[in-house]
Each structure stands twice: as C-alpha cells, then as structure tokens.
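In order of appearance the chains are A, B, C and D, and numbering begins at 1 in each one.
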Amino acid sequence: MKTLNIGMIGYGFMGRTHTNGYCQANHFFDLQYKPVLKAVCARNEEKAKAFAQQWGYESVETDWRKLIERDDIDAIDVCTPNNLHKEISIAAAKAGKMILCEKPLAMNTAEGEEMCKAVEDAGVRNMVWYNYRRVPAVTLAKQLIDQGRLGKIFHYRANFLQDWTINADVPQGGAATWRLDAEAAGSGVTGDLLAHCIDTAIWLNGGITDVSAVTETFVKERTHAETGEKKPVKIDDACSFFCHFDNGSLGLFESTRYARGHKALYTLEINGEKASIRWDLHDLHRLEYFDHSDDSVVRGWRSVHVTDGDQPYMGNWWVPGLQIGYEHTFIHQVADFLKSLETGEAIGPTFRDALETQKVCDAVLSSAADRAWKNV
Amino acid sequence: MKTLNIGMIGYGFMGRTHTNGYCQANHFFDLQYKPVLKAVCARNEEKAKAFAQQWGYESVETDWRKLIERDDIDAIDVCTPNNLHKEISIAAAKAGKMILCEKPLAMNTAEGEEMCKAVEDAGVRNMVWYNYRRVPAVTLAKQLIDQGRLGKIFHYRANFLQDWTINADVPQGGAATWRLDAEAAGSGVTGDLLAHCIDTAIWLNGGITDVSAVTETFVKERTHAETGEKKPVKIDDACSFFCHFDNGSLGLFESTRYARGHKALYTLEINGEKASIRWDLHDLHRLEYFDHSDDSVVRGWRSVHVTDGDQPYMGNWWVPGLQIGYEHTFIHQVADFLKSLETGEAIGPTFRDALETQKVCDAVLSSAADRAWKNV
Amino acid sequence: MKTLNIGMIGYGFMGRTHTNGYCQANHFFDLQYKPVLKAVCARNEEKAKAFAQQWGYESVETDWRKLIERDDIDAIDVCTPNNLHKEISIAAAKAGKMILCEKPLAMNTAEGEEMCKAVEDAGVRNMVWYNYRRVPAVTLAKQLIDQGRLGKIFHYRANFLQDWTINADVPQGGAATWRLDAEAAGSGVTGDLLAHCIDTAIWLNGGITDVSAVTETFVKERTHAETGEKKPVKIDDACSFFCHFDNGSLGLFESTRYARGHKALYTLEINGEKASIRWDLHDLHRLEYFDHSDDSVVRGWRSVHVTDGDQPYMGNWWVPGLQIGYEHTFIHQVADFLKSLETGEAIGPTFRDALETQKVCDAVLSSAADRAWKNV
Amino acid sequence: MKTLNIGMIGYGFMGRTHTNGYCQANHFFDLQYKPVLKAVCARNEEKAKAFAQQWGYESVETDWRKLIERDDIDAIDVCTPNNLHKEISIAAAKAGKMILCEKPLAMNTAEGEEMCKAVEDAGVRNMVWYNYRRVPAVTLAKQLIDQGRLGKIFHYRANFLQDWTINADVPQGGAATWRLDAEAAGSGVTGDLLAHCIDTAIWLNGGITDVSAVTETFVKERTHAETGEKKPVKIDDACSFFCHFDNGSLGLFESTRYARGHKALYTLEINGEKASIRWDLHDLHRLEYFDHSDDSVVRGWRSVHVTDGDQPYMGNWWVPGLQIGYEHTFIHQVADFLKSLETGEAIGPTFRDALETQKVCDAVLSSAADRAWKNV
C-alpha cells in the first residue's frame, strides 16, 4: 500500500468533510494508495490540536508556510476562507505539492488564472472540491447524457435555495459567518452556492457563452462578528441569471439565502429532446428521469432510487434501497483522486475546470452590476 | 336522440353525484341516449322540491312505490340508506324498470341474492354504483393487467383510511350520520369503505377464496341524532383482513375512520412478477407504475399523470396535464351505461358482481366475530 | 331566478370550458342569476350547430356583429383567437353588452388600452378569463397572503412548462395550432402561458416595476396548417424573465413548450419572511405551505389537500379528500360573476387588471428583443 | 481516553456496518471511550485477514472460542448467521464479555430465554443491533410520542417490502443467501424483516398482546448454494399479521420479498387522536407529521427533513439540509453504547428487549401455521 501524506490547512466544516473522506475511502474502495493524516494547520493551536486529536492527525502546524515546506507532506488541502486560496496554492505549487483546494477556486478570475498558471508550471496534481459531481445520482445523470439518452438539450435549470440569513440579527464576518463578509468571501450566494450549480452545469451541459443576471441584498447592514460594528453588507443575498450554453440550450439559475423553508435546496433539471432528468440535494439519492420513448399510456417521471450496485459508486456501499448521504461525495472524490494516482490520469474538477466556473461567476456579478448581458 | 327517463330516490350526497352524471355525460361523450330527469322522490317534499329545482327534475314524488309505478320512468336510481335497497330494487324489477343502485348492494348476502334473482327474473338492466372502477387511472390499471404487463400476481393490498369519527361527540343515526347506525348501514367501514376496495380488487385481480379479519369499535357509545339517546355503537370503526385470491396471490385490506390525517385515503397496490402498480384516491389522476423490464440503472416508479387522450376516458375531457376529479367517475359510469343501451352489452358492476363483494364483506364480518378464517 | 343571456363567440377548447361553467354554476352554487345559453356564433355554421346541439345553445349565428346586435343577449363571451379580441370587445361595449373575454386581453398594450377605454366609457361589466385565480388552492394562497401570514415577501417564482411543440413537424396556424402563428396569437409562450403566471403574480404579490427577459425560438420554420407553406416561426418558444415587484421582492418567471416530460407544469412559489407557499397545476388540489413559526423539530412543508368545506369554494363540492379538477376554475369564475350581478361589486380580473398583465408581457418581449431591462 | 477492545465474529454485510460504526463514532461524537479493533474471527482465515487489513483489525482468529478466551477483548460482536447466536453469546457471557449481538436475537424464544439468563447471570452488558431505532427520524418519532403529541393511539402499521427473491433461480443457503435457508435463518421474512418492524413497534407503542398471521412461500423449491441440490424452501416468503397492543391500538404488519419495485421499503405509520406520524426507510431522513391542532385551512402532512441540529443525533453531523444515510444508524448505536459505559445506564435494545420481539415472531409463525389467533 502506497501512502499519500496529507497536510490540511483549516479545520472548519470543510476540514471535517475532507478529513472524513481521507479516513473512509480505503474502507469502501479498493485502492493502491492510502491517505495518511500527517498534519493539520491553523493559527489557533489549541483548536488545531483538538481537531488533530479527534481525527488522528499526527502533528499540528500554526504557520501554513511551514507546513508547505515539510518534506513529509505530499498534498496540501486548502480549507481556508476564499481570500487565502491563491496565496497558499501558488506557494504549495512552487513547493511541488499536490493541491486539493476548496471551492470556489479564487476571489475572481484574475486570481484563478494565476493559480492555474502556477500549478501547470509546477506540473503538480490539482483538484477543486466541487463535491456534488460525485453524488451517485448526479454522476448517473452525467452517464445518461454522455450516452446520448437526452438527445438535443433545450433547457438547463438549477437553483440553490437556503433561508439561514433571513434574520437581520445574523452577523457578518468571523468563523461562522465569514460567508457574509465580502472581504473574506469575495461574493455572496454567487461564489458560495451558484458556483456549485455552475460547475455541475458545465460538466453536464458544456460551456456557457453569455449571461444576464440580477442580484439583490435584502439586509443592507449587519454587525461584524469580530468588531461588533454595524457595517454595510456587500455580498449578494440573492442572484438569478439566464445564459446561453455553447450547445444552444438556455440556462436559468437562481440562488438565495432568503427562501423560507428551504435548507439547502440544490436542484437541477435538464430537458432534452428525448428525455429529461431532475435532481434535488434534499433527497440526493434519487434521480428523476423521464423517457419519451416509454409506451405513452404508462409514460411518467421515474423516481430512481440510486442505491443499486450497477449505479455509480453504489457497488461499494450497502445493498439496494439503503441510502448514503452528503459526506459520501467527499469520500468518492478522495477515492477517485487516489485512483488517479494509480492510473496517472487527471481527474476533474481541476483548477482549470474551476477557472471556467470562476469566469461565469465574474460575468454574472458584472452583468448584475451593469444591468447588461456579458460574455463569459 | 333517444331518452332514458330517470326516477331518482334520495337526494343526499349520492343523489347529487348521480344527477350530475346524468347532466354531464352527453356534454362530453358522444352517445345516442340522453338521460331525462323525470322525477326525484323523497319523503320530505320540501327538500325534494328544492333538489328538483336545483338540478332540473321535472317532478317530485314522496312515495317511492308511486314513482316505480309511473309509466314515464325507464330507470330507478336507488340512493337511499342501505336498509332500503332490497325492497325498492325488487319492487322496481317487478315493475320492469332498469335499476341503478347505490353501493353496497344490500345489508347482507341473503338480501343480495334475492335482489339478483329479482332483476334476473325480470330481465331488467341493473348496475351498482361502485364508481372507483372508472377513475381513469384505475381503468388504466385494469387495462395493464389484462394486457399481462404485471405477469403472475403475488400481492394485492388496499386500504381506505379516514379520520372523521375520532371525536366521540359525533352522533349516530339521521341524515348526516346514518353510516354510524348499524340498523341503517348494516356495518361500518366494511360495507361503507372496504366494499369499494373489494369491488375494485375482484375486478382487477379475480375472486377471493377465504378471509381472516379483525374489527374494532373504538368509541363504544354515541348519542343517536334523532332520539338524543346514548346508545351502544354496533358498527365496526376499523376492519383489517387478509385473504387468498383464486389466482394464488395474497390480499391485505384495511379500513378505518380513526386514521388521523387521512380524509379519504383509498390506495391500492398490486405487485406482479413483471410489474407493479399503485394508486391513491387523494391524487386520483396519477398512476404509479414500476416496470422491471426497464433498463436497470434508470428503473424506478413512474408517476403517470393520467390526463392524455390515449388514456381511459381522457380523450373526452381537456388536454394533457389538466386533471379531472371525483365526480367524473359517476359521469363515466353514466356514459358507459348509456353506451350499453346502444350496444346491448351489459356493463359492470352488475347486481351479481356486487353480490360477490357482499359475500366477501359477510365473510369478513363473520371472521372477525369468530376470530377464525372463513371461506367466501 | 333572474337570467343572464349568453352569446358565445367561438366553440373551441375555451368555448367548451366556459359553456360548461355556465351549465354547472347553478348546480353547485346558490345564486340569484342563472345563465341562459342563447346563442353560439362561428363562421362555420355546421360546427356551430353541432356545438349548440351538444351543449344546449338555443340558436346559432355566423356573424358576430349580428350576435352583438341581438336584444336578447346580455353578455358576449369572446373565445376567438387573440387577434379578434379588440374589435369584438369594442363593438360589444358600444352595444352595451357585458363582456367576458378570453385571455390574454389583446395582441398588445395599445389594443388593451383601447378596449379598457371602450368598456369603461360604455360602463359595461367586463371580465377576462384568467381562470387560475380560482383554483381553490390558489385562492387559499391569496387569503393567506392577505392575512399577512407570509410577512415581507422576498421571492416570487413561477413557471409554465410544456413539451408539445418539440416535434418540428407540428405545423403552425389553423384551428389546433394557431398558438404557433404570430399573426393569430401575437406572441408564443409569453402571451399564452406567462400571461397566466403574471396575472396570478400581480394578484398575489402586487405590481411589477421592471423586467429583463430572454426568449428563444428553437424550431425556426414550420409548415403553415392552412397553406401548407413552410414559414419562419415568429413566436417565442421559450421565455424567461426576472423582475422587481413594487414591494421590493424579486420575481423569476420561465415558460417553454420544450420541457420534455411536462404537460402543463404551472408552478408558483412565494417566499416570505414568516412563511412560504408553493403550488403546482399538475396536482392543483394541493397547496404546499411552510410556516416558520411551527415548533422547529417538526417544521416542514405541509401538503394541504384543499378539499375541505372551510377552504375556498370547496364547501360547494363534495367531502374532504375528494378532489375537483381543471374545469372547476371556470365554474367558479361564472359563479363569482353571477354573484357580482347580485351585489353590484365588480370582480376581477377586469379588462383593466388584464391590461397590467399585457403591459408586463409587452415589456418582457421588448426586453428580450433589445437585450436590456425595461420598465413596465 | 478509555478503550473498548472489540472482538468481531463474522465479516459479512453486518460485520462491515458494525466495524464502520466503531471507526466513526469518535469522529463525530464526544465520548470518553473509544473502540479498538482488536480481532476479527472467521473460519476462512484468508477472508478474515483481508477484512482485518481493510478495516484495521489488529489480529485474526479462526475459532470463536479462542477469541472469547482472549484477555485483551472487552466485547464480543456476534455477526454470524442466526443459528450461532445462542452458543456464542452464552459462551461469551460466561467469559464475562460484553455482547453486541446481531438481530434477531435467536432462532426462537426458547433460545432467547437461555441467552437472557446467561447475560443476566453473568451481569454483562448486552445489546442487539436493531439499528433502525437510531435513524434520527425514528428517534424523533419516539420523542414526539413520549411528549404525548399523538394522544391516544388507534393504529400502528408497518411493512417491510422487498423484491429480491422473485426469481426462482435465486438459490438458498451459503454466504449470500443463507437467509433463504431455514436451518441457518430460522424463518424467512418474519425473523429477517418483520423483526425490525416489531422491535420498533414495541419501542414506540408498547407491548403486543395477541396476533393473527398468514404466511406464504411462493417459490416452493430452490437449489441449495452449497450442495447444488434442489430442496424444498422452508422459510416464509411473505408474512402479514394483525395484532392488539397493550394500549388498545390495532397493529397491522406485512413483509414480503415479492413486492416488485420495492428494494427495502420499511415504512411505519402511527395514528393518534391528536397527531399521526409516518416514516419510510427509502427516504430515511424525512419524517411525515400531521398535527390536528394546526389551523384547519392550512392543515396537512408536514414533510420534516430531519437534518437540523436540534433533531436527534443531527447536531453531530453536518448542516441543515444535508442528509445522512443507512450506515449512520450503527454509528449512533455505537456512540450510545460507548456513552452508556460512561453513565453506567443500560441502553436498549438489550437481549431482554429483543426477547420480546422474538416472542412476537414465534407467535406470528405459530398463528400462521395453525390459522388461529395466538397470545404472545
């Protein structure tokens, strides 16, 4: 068994999901490589130690530059807020480390281009944690599309609806709510949520040509969690856009954190000439499928419970009817990454894949600001 | 256009559904016969007149015997409580009238047999209003079964769950609540609700051999609506039974008026070797269909929205996607009955069909009383 | 009983729905006025006669001008293609007739303004058949909003998805497919489908300020049904737009006839600070309702089966659990119109209400043409 | 951190689920004890070694008696076919080991009683892996019932429907299909599937008084996987029963492996005077809840997405909207067991709890054999 020594930067929500992926991949997948939890890095040493203790990291660092220099680290996992992705990734690339970076790739396209150049110049393996590609039902959707089952595509629509910031007393900034602080997050729902929808969309339906968007910030001021000061909110609370895809289909996207009743309603639907598919994160183990070639009197949307051994990834889990959950998307991504070390083939989404998503996000924000269509 | 002169006995809930069927059938179906609302009969003349006025009956009677004697009446529609079905039907048969009798056929099998003999001796057309056979989705189920799409049947299950008698203050007896009075109704949920399930089951899956049942009366005493007296409740509040069908499949049936949250949840499901179907009155325009021959990775229950022109009855209504409702089952039954006058072919359910259901109901009640299996 | 003498122009799909409304309203609603089917008018006399025969119209006209002149007609029902709405309505107004006009009001805002002026100058009652307001679940939504249950509104979204024109062999023009011919229909999905969504939206959520839209025509040429000639398709096959409402909420609308698997998927969802609601024409008797004030551990979307006597219109139909269908929306509209004759109060949607929808439709088409935001 | 040294007997499907529980509990729950994977035991040494390698067991045994004698083992996990549960458990109890035994407890009640006596005489901690109690939605159901939210209970119904043995070519006996061999399994769906339903039912709704059952074996002969011989099938392919609970409610249970289209449809529903709940393993993260005290016009079944921090176990996982899956029930059971070592309080289901389920299973099989009601 070959090892892959992991150096993790950050210990928050995403630190847990990735680490769990490293712990579980080899239990369920037959792989030649096995991740070793070498070190976790965070400025707060006490918290880093507690995290290391809970998950079994062998050591702790408080300076990410030092972590990157360590010879016993093969891969750097970047789980910091978005405004540190660039600096860390470029440094890690220069140090010859593989990089697994949390999404979105960067604060903007310019940063993303620098990062792509860095990893490509250094020739290091790189990947971005757009995890939803590896929900079995979504991977199945990809297979169905690649098999040509949908025929010519007319419509792609996706939304990501939440409701956790409706209360105007939710602060901005700091550990739990940096996603509301434009300085740490870059943007609001566009980079946080729509980026997921866009990554999946490009993967499933190809490139996006141009976009027209609208954004809204419903709560104009929020207290900053660290300073206690009331400050203008500069992120987008909600964003909708339509677009053209290279294949001629129309796209429609929406995201908000003000959709009362929706916790994390990421849905996507694709309408093709011959068939349509639909998926919903709230019941992620199901794929809805409509096949126009079915006998007309019994034609209807099929609710496919994606838990059988012949469906993506599911042969590695339990038996038909028994579902898996959110965290498994990260386990699958780790397993695929480890497999790619065996085969030598790159797997997506790479930094360059993620740069495409970044470009669409930038075009969306620019379109909303200028109230005009923008090319990607 | 030939006419069919209707004499309706009763003006309650079922009086409305049947009369609406007579009014609407010719608007939507191409028929040679047209019902004429000749007379409605009820003891309460004032209420009968109001009903006649609202629906366009030409005349009113207060004595059903007189109605039966009228030469200008072709068909008697029996919408009284169950304890009058026998007497009226036999008299009508003797008078040579066609009879359309509300379900259940009778208070018990013995009565039902007399009634069958009467209509068959007289050679008059007869029909019982088991209306759910003519929900388009249920009729479609019948077609699918007859086409052999399900293969060998293993399981048939049905339930009819309501919650309207949970409150112990609901009285028994009288106009609105005669269904809780054993003298008027014969039985409780067995004759009222399970009879529907059994009629459909026999139609779809064939005869029932033997049954084992349990009944329960949760509220032991209720005030009688007419006398104000507190009296023991003699009907069954709930009834479950299992059975064997002639084709070797197992049946499981349940009905209750104490299932909080269910208004009229009549569901049925049939599991065959090759396919399964499922239906629910609460969304009556949908049929769930599972076909094992579908490609395995996209196999799942299909939700068929039964509103297309090639699905039963729907070519006579609107356009795909636009649903019809409860009352349409009676319109379909009227249309089919009128059509049968053209073709000369009997249509079900006839009195004799309904007698089979009556026999099962009797066996169920007897089994529950004796805590033993009973042959039908 | 007072009478309302109806003169119907057109006998197509909408002729049937309206006529059925006239036939049924008094069977189920307690009203002082009763419609009388005086005359139906169409250029094709034979078809008009067949229609009159089937539904009971007393007479037939082939020239709508003659119908309008008849003294025995109280109300003109306009069921023609859109390009005749203006001329007929203005003539009928001048003749002092009440007017019940099929939607959309007109070919464009300019026509609509003339029509409003005509009916208001003449002081005649007028109404437009935006029937979906009177689906019980939608009317219930209106009541919940008016009660303030949703609080401040953040998002309104609606779509109307169909799939019946995917096949490029579907012709344009003529009786069945005039909706694909820009000369008869004015626009494609915008006037046909989005107009419904917009009418409901304005009713539920107030006026629309500005819009940004995109349209697409997937099939560029279709044969004309009457000439057999291949002609460019000038209608919009698909249209999406976002908008701001006067109340500060964001709107998102989409319609298409290329969404494989959807027959008539008209859905709407409103997200408020305190509660959200959702509705779907495919299961029109249900309203989804999420109330944030519910105890958190059992909080969830409620599936409300809108069939109880205390829910809008349902006290006039059957018993809880038994659903009604599409055609009932027209019966309700007739009943409300008849009631308004008793009370003297106008009921919506009036021509002026429908003009607001027309303005939004025009802004949408103009925005799509210019790729720019447009004020309404 | 204190350790709990595990000795696992068996390495099949259940060996994986339990072992995963031991690996994951401390990653997500704050506990003073931590399981250590000391040894896995199986007759096939090669397979045992492969399993040990994959999951990190420190050693391998091929004789379970030897494992039980080892001083470095604190707890024995019994994952063998049912016919070995008794012998191993009694030996382990005598050796003073804690025992975590896969369900069902035993081949029959007599065995179960011996086992209970053994663990109670020895005073060793004991637990049976009825894992479905610890689906968060099911645990929430228990809390709602204990809070009195449902009021008096009228009905409890549950089913467990599968379709994997329809094909008559599926063999009996051996590693993958010992569940079809009566000698290894004791019974068919009764012990395999209904036992789960019964355990949950007793936990949620109290003891069962008497039962009436029917069983069926659809495929009469199957080839034995090990001998290749065609032998009579002695297990029950399907079983239904009704029962009375001590609290006066009626129970209705059904299980089969011949319900085409259902992979593992374990559903339960409880109807109380004040509220009802419903759950389905196929979407295990949802609980349906109907509360009669809701305002009547917006009353409906709530679909509760049980993923919030204030719902059972979910504070230890991700964020609202992100679901967990099947394997987590075992992680929860491990976590609760470890916690019980801290608190000293026993947690269920104990051997004695499981004995109650065994008694009901025996009564069910006896009732079916004799076609008569049986007391439990």
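FYI, a contact is a pair of C-beta atoms (placed from the backbone, for glycine too) under 8 Å apart; a residue touches a chain by one contact, two chains touch by 3 or more.
Since the structure is predicted, the reported quantities are computational estimates derived from the model, not experimental observations.
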Chain pair, A-D or C-D, that carries the greater number of C-beta contacts: A-D
Far-end chain from subunit B, centres as C-alpha averages: A
Whole-Å separation of chain centres (CA-atom averages), subunit C against subunit D: 55
Whole-Å gap separating subunit A and subunit D, where each centre is the average of the chain's CA atoms: 36
Multi-partner residues of subunit A (at least 2 other chains): 262, 286, 301, 305, 308
List of subunit A residues in touch with subunit B within their complex: 140, 143-144, 286-287, 289, 291, 294, 296-305, 308, 310-311
Sites on subunit B touched by subunit D in the complex: 154-155, 157, 161, 163, 166, 212, 214, 216, 218, 238, 240, 242, 250, 252, 254, 256, 258-262, 271-276, 290, 292, 301, 371-373
Subunit C - residues contacting subunit B, complex: 13, 17, 20, 23-24, 26-27, 54-55, 162, 164, 262-265, 281-286, 305, 307-308, 317-328
